[in-house]
Structure formats: C-alpha cells, structure tokens
C-alpha cells in the first residue's frame, strides 16, 4: 500500500467555476484533502449598495448564469418581504413554473453533459454525439423544452427578464402555455422515461460510498418544497427561515475564495439528495417510480447518488409543471401589472430551493428604496465543507487504487455535488460600512 | 396624386434581383487590384455608358457597387477593376475563372459624353479612380474622331501600384494621347515623374475654353485637384467629377448615398462641378 | 354624395360586414396606452377613436424587414421571394397616414418603379376616419385636415351619435353595398382645431430652408438628441433601408433582406475605414428635416412631412420638428426679411 | 478544408454565456458539424496548443487572468469576446467605481490579503479582440451570426445603432410610455430589443453605441424622474468602464 499521495487537479473540468482538488498524504497521514476555490471574487456587494429595489434582482441574477433564475426569484422574495409588496396567486404559480423549468434544465444538463461522460468513460459529451446520437438528441430535446419554459414565461432562460418585484412585466399567453403543456406530455414524458432506462443501465458505475451526513433543505406541508417552506435539517428538525443565519454559520477558510458553512456538525449537505431525504413523501408517482427503478432509497447517505436524486426530481418538475399550467388556465390568465408600491422599508429574507440546494437572500432597504445591506448564502458554499469531509473519508477507503483512479473518484465526487463555484464566490455577505 | 388609392404597377420592375454572370477572365494587376472580365448570359450587352456602375452580389456576402471599367465600344463582355478592401472584395479575390457572380445594372448617370464631343478631353485619375476613367478613355480612343485632344493625368502612390500597366504603355506610345503619369514615391527603378498628382497640372498646355475635365480619385484628392485646375484657369462649368458613397440599392431608394438633395446613384456618380458646389456634404 | 349615419352601436356590425368582403386591418390597443394596426380577428377589438398608431399602414407595403431573395450556397442560385399584394381593407386610417402612403407611392414610382412596394400596395382599399388632434398632431399646417377624405374609398367622420359615412369611389361603394344605414341629413359640427402649428406654407418654407443650413438650431438640437433613430423609424414617409445577407447555421443557404434604416443613425453614411459622411449629429438632424421640407419638396412642391406628430411623441428627448421649423421661420423673418 | 478548431474559455463572470452555448439545443449538432471544439473546461477534459477560433467569456480581474489571456491570444488565430463581461467589463466593472481596498475589506475583512484582485477589465484592455458577441447573457442570435460569418471566412458586421431601432422594427410600445426608464436609446442593438419586447426596460447590457450622447441620455433619465446619482448608477450598471472619465 502506497503511503504517499499527491493529487492536484488544477481547474477541475465539467463543473461551473474554477476549483482545484488538492489531496496530500504523507506516510499514511492525510495532510490535505480539499477543494480549493480559486474563482476570482466579483464583489457584488459593491454593485448592490445603494441600488434601487428595481435593480437588486437584475444585479444578483448576474452572480451566476447557471442559477440566474433561482437568484432572481429569491431576490424578489426578499425584496417583496422587505418592502411589504404582496404578490398575486398567479405570480406565485408562474414563479413555481419557472423554478420547475430551471431545475429541470439544470438537472438534465448535469446528468447528461457533466456527469454522464464519467459513467461512459469519456472526457466530454462531444464524443457521445457520434457514439450515442440518440441519447444526445434526447438530452437536447429535454433541455430545449425546459429552457422554453423559461423563455416563454420569463423572456429568457438565462438572466430572465420579466420577473420583477411585485409580479411580471409580461404574462405569457394561453396559447404559449398550452404549447408548453402539449410538449411536456408528448415529448418530455417519453424522454424522461427513456432517461430513467438509460441511467438504470449505467447505475452500477455509481460508486458505493457512504458517510453519515446532515441534510438540509426547505420543507413545506403543501408540496415538494422548491419555491418556499421552512428550513428542515435531518439533525435539527424544522426551523423558521428567519433563523437562516443560525442554519448556515458562515466562516472564512484560507483555501477558498468562498466561505464555508456548518450547523450541527462540521459540515452539512444541501441539494437534490437533501431534498430527496427530507421531502420524498411529496414527490409525484412518476418521480417515485424513477427512484425505485434507480435504487434511490430514503435516508441515502451516498453523495454520488445526488445525480440520481436530480434525475428523480426532474420527473416531478415536469409533471408538476403540467399541473401548474392547468391551474393557471383554469383560473384564467390575468393581465396583471406588477405591484410596486412599497408599504414599508425594512429587511426581508427570501429562501428558495434552487437546483444545488437552498439559497438565501436578505436585503435591508433605506427609505428611498435603495439597498442598505445585503446578504446571500449560496448552496455550493454550504456544500464546500461537506465536500472536504467526504474527501477526507473517501481517500483512506480507496487508497489502494491507482492514483489515476483515486483522482477520477475525487473528480466524480465533486461533480456529483454539481457545484456552482461562481455562485459560491461571487455573492458574499456584507455589512456595508457607513 | 392624391385621388388614386390604387396605383397601376404594370410598369413596375424587379429592382433587386441580380442576373447571374460568369467571370470569363481574371487579370491580377497589383497585390490588391484585379481586373475581371464578366460575361452576361448569352453574351448579352450590359448596355452601359462610360462612368456607370453595376451592383455585384455574392450570396452570403451582400452587394457592392463597382464601376464598369471597359468602354461600351468593346462588345460581348465587360470589365471591372476591383480593389480588395473588405468582406465582399476579399471573397472576389479568391474567385476562380468560370465562377458566377450576380450583377445588377448598369446604374448611375455616366459621363455626359455629348458635352465632351468636339472638345479637348482632360482626364485626371488618382489611384483606383483610373478604373472608371478607363471606360471613358477607351471610349474616346474608339471614337477618336468625335473628340479633339485626349490628355490623361494619372497618379498612383508608387510605381508598384500602377494599374493597367500594359495600357499605360500603349497610351504613352499612342500619338493621339497626351499621357502624363506620376507616383508619390517612386522605387529606385522608377524614372518617371515623382510627386502628387496636382504637380502634373501646372505643366499642362491647355486650350482653356476648349477643355472639358473629368476627375476621379480618392476623396482627399478632389480639393487639391480643383485648386490646381482653377489656378490654371479652368472654368468650373467645364469640370466633371465622379463621387463614391456607400450604396444599398443603386436605384435611388435606399437613401444611403444621398448628398443633400442628390442621390449619387441617380444624379451621379458623375457630377457637373457647379452642381456639387452647392452641396455642402459632397466634397 | 350620400351621407349615411353609422351609429356607434353598429360599428361592430360594419366591421363584420367588411370582414365578409375582404381581410380587414384596423387599429387595436397595444400595450398600456398605444395603438397599432393589426388584422381584425375580433371586430369588437377594433378601436376607431385613437390618437395615432405606433406605425402607419406603411408597414404593410414596406414591411420593417422584407426578404428580397433567398439563395443556395451549394448551387450559387437564388429564388425571388413572392410578393403578395395586400388585397385588403385598411379601416380606420387617418388622413395624414393615407397622404403619407401617396408620398411613398411617389418615391417608389419615380425613376425606377419598384415592384416590391407597388405590387403590395395596388389592391389596398382605405376606409378613413376623422381624428381629434392631440398635443402632437399638426397635419393641418401641411394641408391635411382632420376630416380630409381625399383619396379614401370610404370615409367616417366622427359625430356625437357615431360616424357620418360617405363612399367616395366605386370600390368604396362596393364595400358598403348591402350594409343598410339611415341617411344622415344633419349638420356637420365644426372640426376640432389643431394644438400645434407651423405658421407658413411650403413655398415660404422652401425659402426659409434655403437660408437655414447653418442655423444654430441644428447644434442646439444635437445636444439633446441621443441619435436613437426613433424619429425616422416611426415616420410614415421615411423609406430608407439597409440590405443584408443572412446565412443559415447549416451554411448551405440563406437570404437577403432589406430592413428599415434611418438617416439619423450614425452608421447610415459610414464608409471606408469608419469615415462617416454625416458624422455630426447636427448634420444628421438637418438632413432629416431637410428631407421633410426641402429636398423632395423642391421637386414636388409639397412638404414631405404629413404632420402626424409621431416623431415628436416618440422622441425620448422630446425633440419637436414643429419647434425646429418654427424656429427657422422666426430666425429667417428676423435675419432675412426684416433686414432686407 | 479542415474544420476550424475552436476553444471556449472563461474568466471572471457568471458563465451564463457559456451556458448559453449549450442552450443552442436546436443548432448544437450543426455547430459541431462545422467546427471541432477542442478545449472547453466547463464541458470537457483536456487542453490544446493551437486554435483557429477562441471564444472567451468573462472579464479580467486577477493577475492570473492577465497571464492566461495572453496565452490564449498567442495560440488563437481569431479571438472573439463573448458577453458583456468580456466586451465591456460587464457588471463586474461597477466595483471599479469604488476604491478596491474598501471593497475587499467589506467582503473579507482583515483576511482580504488572501485574495488578490484588479479592476475588472474587458479583454480588449489587454489583448487584441477580433470580434464581439455582446449582451448579458451574450445574445444568441448574434452568436450564430458571428459563428456563421467566421465559418464562411468573412468578418461579421457589428451593429452600431440603438436598441430603439429594433424596438421600432418590432412595433413595441415604448416602455417609457409605461413610466419606465430605458437605456435603449444609447445601447447597441443586436438583441432584438429583448427586454422591452418582454415589457421590461433595457438596462444597457450590450454596451453603448460608438458615439453615444451621454449627456443627452443623462438629461433624459433625470427628466423621466431619476435623481442624478441614480441616473448615473443606471448608466454604470454595464458600462462603468466606458463612462470612466465622462463628466456627469
């Protein structure tokens, strides 16, 4: 058994943002096992300070193009709470639809384009265009439809346009929604079932690794919590979102431009697997059947299964989108203008489940409706400590294997979290100095 | 005009559809300029006047105006001299014999040849300006009896950039032509006149009332040539000049080439100088 | 000419009646406070009392973007695009907009008659409606009254009870045939006045413009103007265009299209190495206004502005062509007439 | 003719532009038919030494970025800047409007020394940029235009008129008429007036036209109801670098 190991993956590929994997073992002692975040910080707080409430969501959605919708919706919720802006039921339904679209597209992208190449032993999705054209085309079709939900409802899937404080600047037409609905039923459902089949055949490539972990997500009594809910921890139970700071506890570590988090233990996990563990009872049958087929069980503590949990939840997003469209159309689309008359100026918190986990935005507005303080806590930042802990547990378990194998296992581990490094770095909490 | 809500369109035409014509000869003149011989389907005549231009189209690249460089007296095909400066001309530069280009035209008013008949013709051409002027030069040569003297002043930046070198020799040797050529910067091999084109003008022996002048060259050239001509005593009403603007249609619709009230593609490109003088945006 | 009364309650029926004959285009609400011509689907959605539409009916004869031809890069061949005449009724057109169509007719007919425009245009029938001048209309100053019915096939004049309908052409007569209405014998109330005016006629304007090339108003306006081109693009008598080829992502073909362009846009006169012939915003503004009152007008004897007020209303910087012209007239009177 | 070899790179930005390239679901297979993508960290493993076309996203904001962009320029025949961050510095450049030390301290407190930073620069501040695809995120139709042009071996035409032009071509109701304040009049078109078309004001993401009348625009913003400092912030959102040194 080798007792020395030195792994450095510079700018890990197929993840969003810039990170290095560093593992260092000397004479059997693990000195370092961590994900170093080297993404350049962008200092969003400098941009937010003093900006009008109209602009807060426009700016924060630029934290990350991958999660732009999640940031935008979370930002809007925080702003609305801070300014006392009520939104209509139609607005909430349209936002839920948007979140489904974004989650669906993100999960499909991750499973097919970023994770699948590992299962198939290739370096990227591009070789698959030649070797598995049907699979690639299916992935593109699913992604297109998911993005079209964003394009139709929010004007653009990346950096959405229409969602603004108090509502939407444009309401989709009935015709547009019916077309999305038709495609969900006629195209998405068969493609989803085929995806589950494909994955079933590959499931054995998923490493078997378990480490007991605290899982945190939102939880709601009404539905599979994405748009809102309480904070729910497998260790600590349910907590009001107002206490989000106590449920994150950010701290700075020298090897990362992003801050780390912890609650009951040295680390916790957020994301699809956390949602599954906390909320699987709220999933629709399509998703539960997929979970059965893919061997995903409640209380799963294998981080590599996060990709599977994403695929399972994608089925829920697709089917629940149909249900939401039906409700919108049954109620009749109303050409509402956004409600932008503040009733107070104070502090508001938004918490939303975005593809990579629970996201928090908090803003304080001054009496002119300008941002006086802002704080955002990003899912990937919350996962970083957990990734390091996983690595520390994993490396000794697989130390017998070749360095190449170990490196691949570590890369796959990080990718399974589907980290969004841009997010984790770009938005940091800040108390403005006056 | 106001009482007809329905307009008869019997006489209206397809203005924007090109005719596909073949490149039947390619002669590289310098590193940047190439002479193309273009043959219309069935060898049809273009039917142009000296000074007129055509819109050339290359699909995917767009269209650009080019002067017809051959004289209408030379039948069966026509020629264009093209300088490689950008998108469309780059692609033209790579084209092969036999390939097809789209052609619309001829457009523009051309040289008012009648005004030059029986007169001394002085042509002042700078750089690429010789390309359109060559049409007039050869027209005069082919109808030599209709005109009196033919005086050509041609300037290029260097001897390497002289166009139509074979023809320049012919003109120089032709007793019916008074040919003057100059280069701004001559190479060591250059034995001819050196200096900008205006330096040729003072030495000309002109019969003032009898002389009609045609000027074509880069925008900067006009002002200085005009000064030189006037100090030589050439009357403004005896000067004609050819202008260039960006054009999208060539038929007086798109508005791009408009100078005050004048459309270069309709009222030009050849202008009577007194008409231009009133147009502040022209020169 | 027989005058009929089209009561308010029967307008919808009248629209349906027209729809039975032909496709009908009419003003509809657009956005929060605007109007736009659109094909009529639901007759109740037609709005006849409107101030002005975003675009005039020009958009149907000279579409904002029009494919001229499509090409195949593999064979180097092209196919011309089909030009479909607008065999339709344009309902609810204001007098100035029809006059603008006549001006375009002139532009597209003179010298080189253009098939694309003229073919689209030839079958169109127009049902006009009078308008109530708002703060931006000034068509009265360029000889176009709010109830000017010249050139229309049918004209509707607003009165309290509805509209007085008159058919002016055989085509117009055919359009109303079979739609029974009572005759109208009452008086015609005095038309509402304009709130904006240019105080002199075109022949004097021609003289004024002769002397206004170097007026300070061009520079002063240029300080406010942001050069967005809006005034060109909303103008019913602007017709300049750009032509560009687009290639499909498959790189085996594409199309050539023309798109509305405008002389206020800096790149409009850009040539070699980025040189712009009308680089100064002031020179571009001058060119625009001269095109409306001088260049074409000197050839035709008519102003080429129809006083619709669109350019002023749509300008975010609030630049008014009426103020510019009146300023020129004042300066001319002061500097030229008084000193003479 | 061999297919052009293409690399895709990212610097400081949100990676939305890169994501947008994967969002060409309908065209991706055609795109891959015309070029070989040989380097793209976000989607594949591996690096190469020579490229025909490099598409580069993000602004330059650390010393390491500068070294890396020089390397990319050296190995690429054509370099295309993708998106507002790469073309203008993007939203990142707003931090340039405040003293950098102050900003770092706000974020990292006394541990700021751990993370070096520079003002956020557009690529063109450091290397020659051949072409640009503007927008935040980069405008997809423009990407396809630039892409087809490059594959055909011609220079893409860069639009230089205002977003208002496209708004007018679409006959949109001007959002100013709805009481909004729009930067369309001096923002470079090419997006099809995307935001006004969806009822929202243009926030200037595609950068300014080449000879903008900033003072005129400021006057409009103030006239429409923004305080001067707010008007200025609006303008700076995407164009802080372009406005540097401009009188307010």
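Points worth noting:
Residue numbering begins at 1 within each chain, and the chains themselves are lettered A, B, C and D in the order written.
In the analysis below, contacts are C-beta pairs under 8 Å (C-beta built on N, C-alpha and C of every residue); 3 or more make two chains touch, one makes a residue touch a chain.
Predicted model only: the values in this text are computed from it and were never measured.
Counting C-beta pairs in contact across B-D and across C-D shows that the higher total falls to C-D.
Our note on geometry: chain B versus chain D, Cα centroid distance of 43 Å, whole angstroms.
Chain A and chain C have Cα centroids separated by 52 Å.
Here the CA centre of chain C is 37 Å from the CA centre of chain D.
Work out the mean CA point of chain B and of chain C, and you get 38 Å between them.
Among all residues of chain A, none touch two or more other chains. Shown for chain D are the residues that touch two or more other chains, namely 152, 157. Across the assembly, chain C contributes residues 244, 247, 270 that each touch 2 or more other chains. Here, these are the chain pairs in contact: A-D, B-C, B-D, C-D.
On the side of chain C, the complex with chain D involves touching residues 30-34, 36, 54-55, 59, 64-65, 222-230, 233-234, 244, 246-251, 259-260, 262, 265-267, 270, 281, 314, 316-318. Contact residues of chain D toward chain C in the complex are 27, 30-31, 34, 144-145, 147-149, 151-152, 157, 160-165, 168-174, 176-178, 182, 184-186, 209-213, 215-217, 219-220, 223-224. Touching chain A in their complex are the following residues of chain D: 11-20, 22-23, 25-26, 28-29, 32, 37, 40-46, 61-62, 65, 90-92, 94-95, 97-98, 102-109, 111, 114-115, 117, 120, 136-137, 194-195, 197-200, 203, 230, 233-234, 237.
Taken together, the chain B residues at the contact with chain D in this complex read 60-61, 86-87, 90-91. Of all the residues in chain A, the ones that touch chain D in their complex are 11, 13-17, 39-47, 50-52, 55, 58-59, 62-66, 68, 109, 113-114, 117, 123-126, 129, 136-137, 140-141, 143-144, 147, 154-159, 161-162, 164, 168-170, 252, 254, 257, 422, 426, 428, 430-433.
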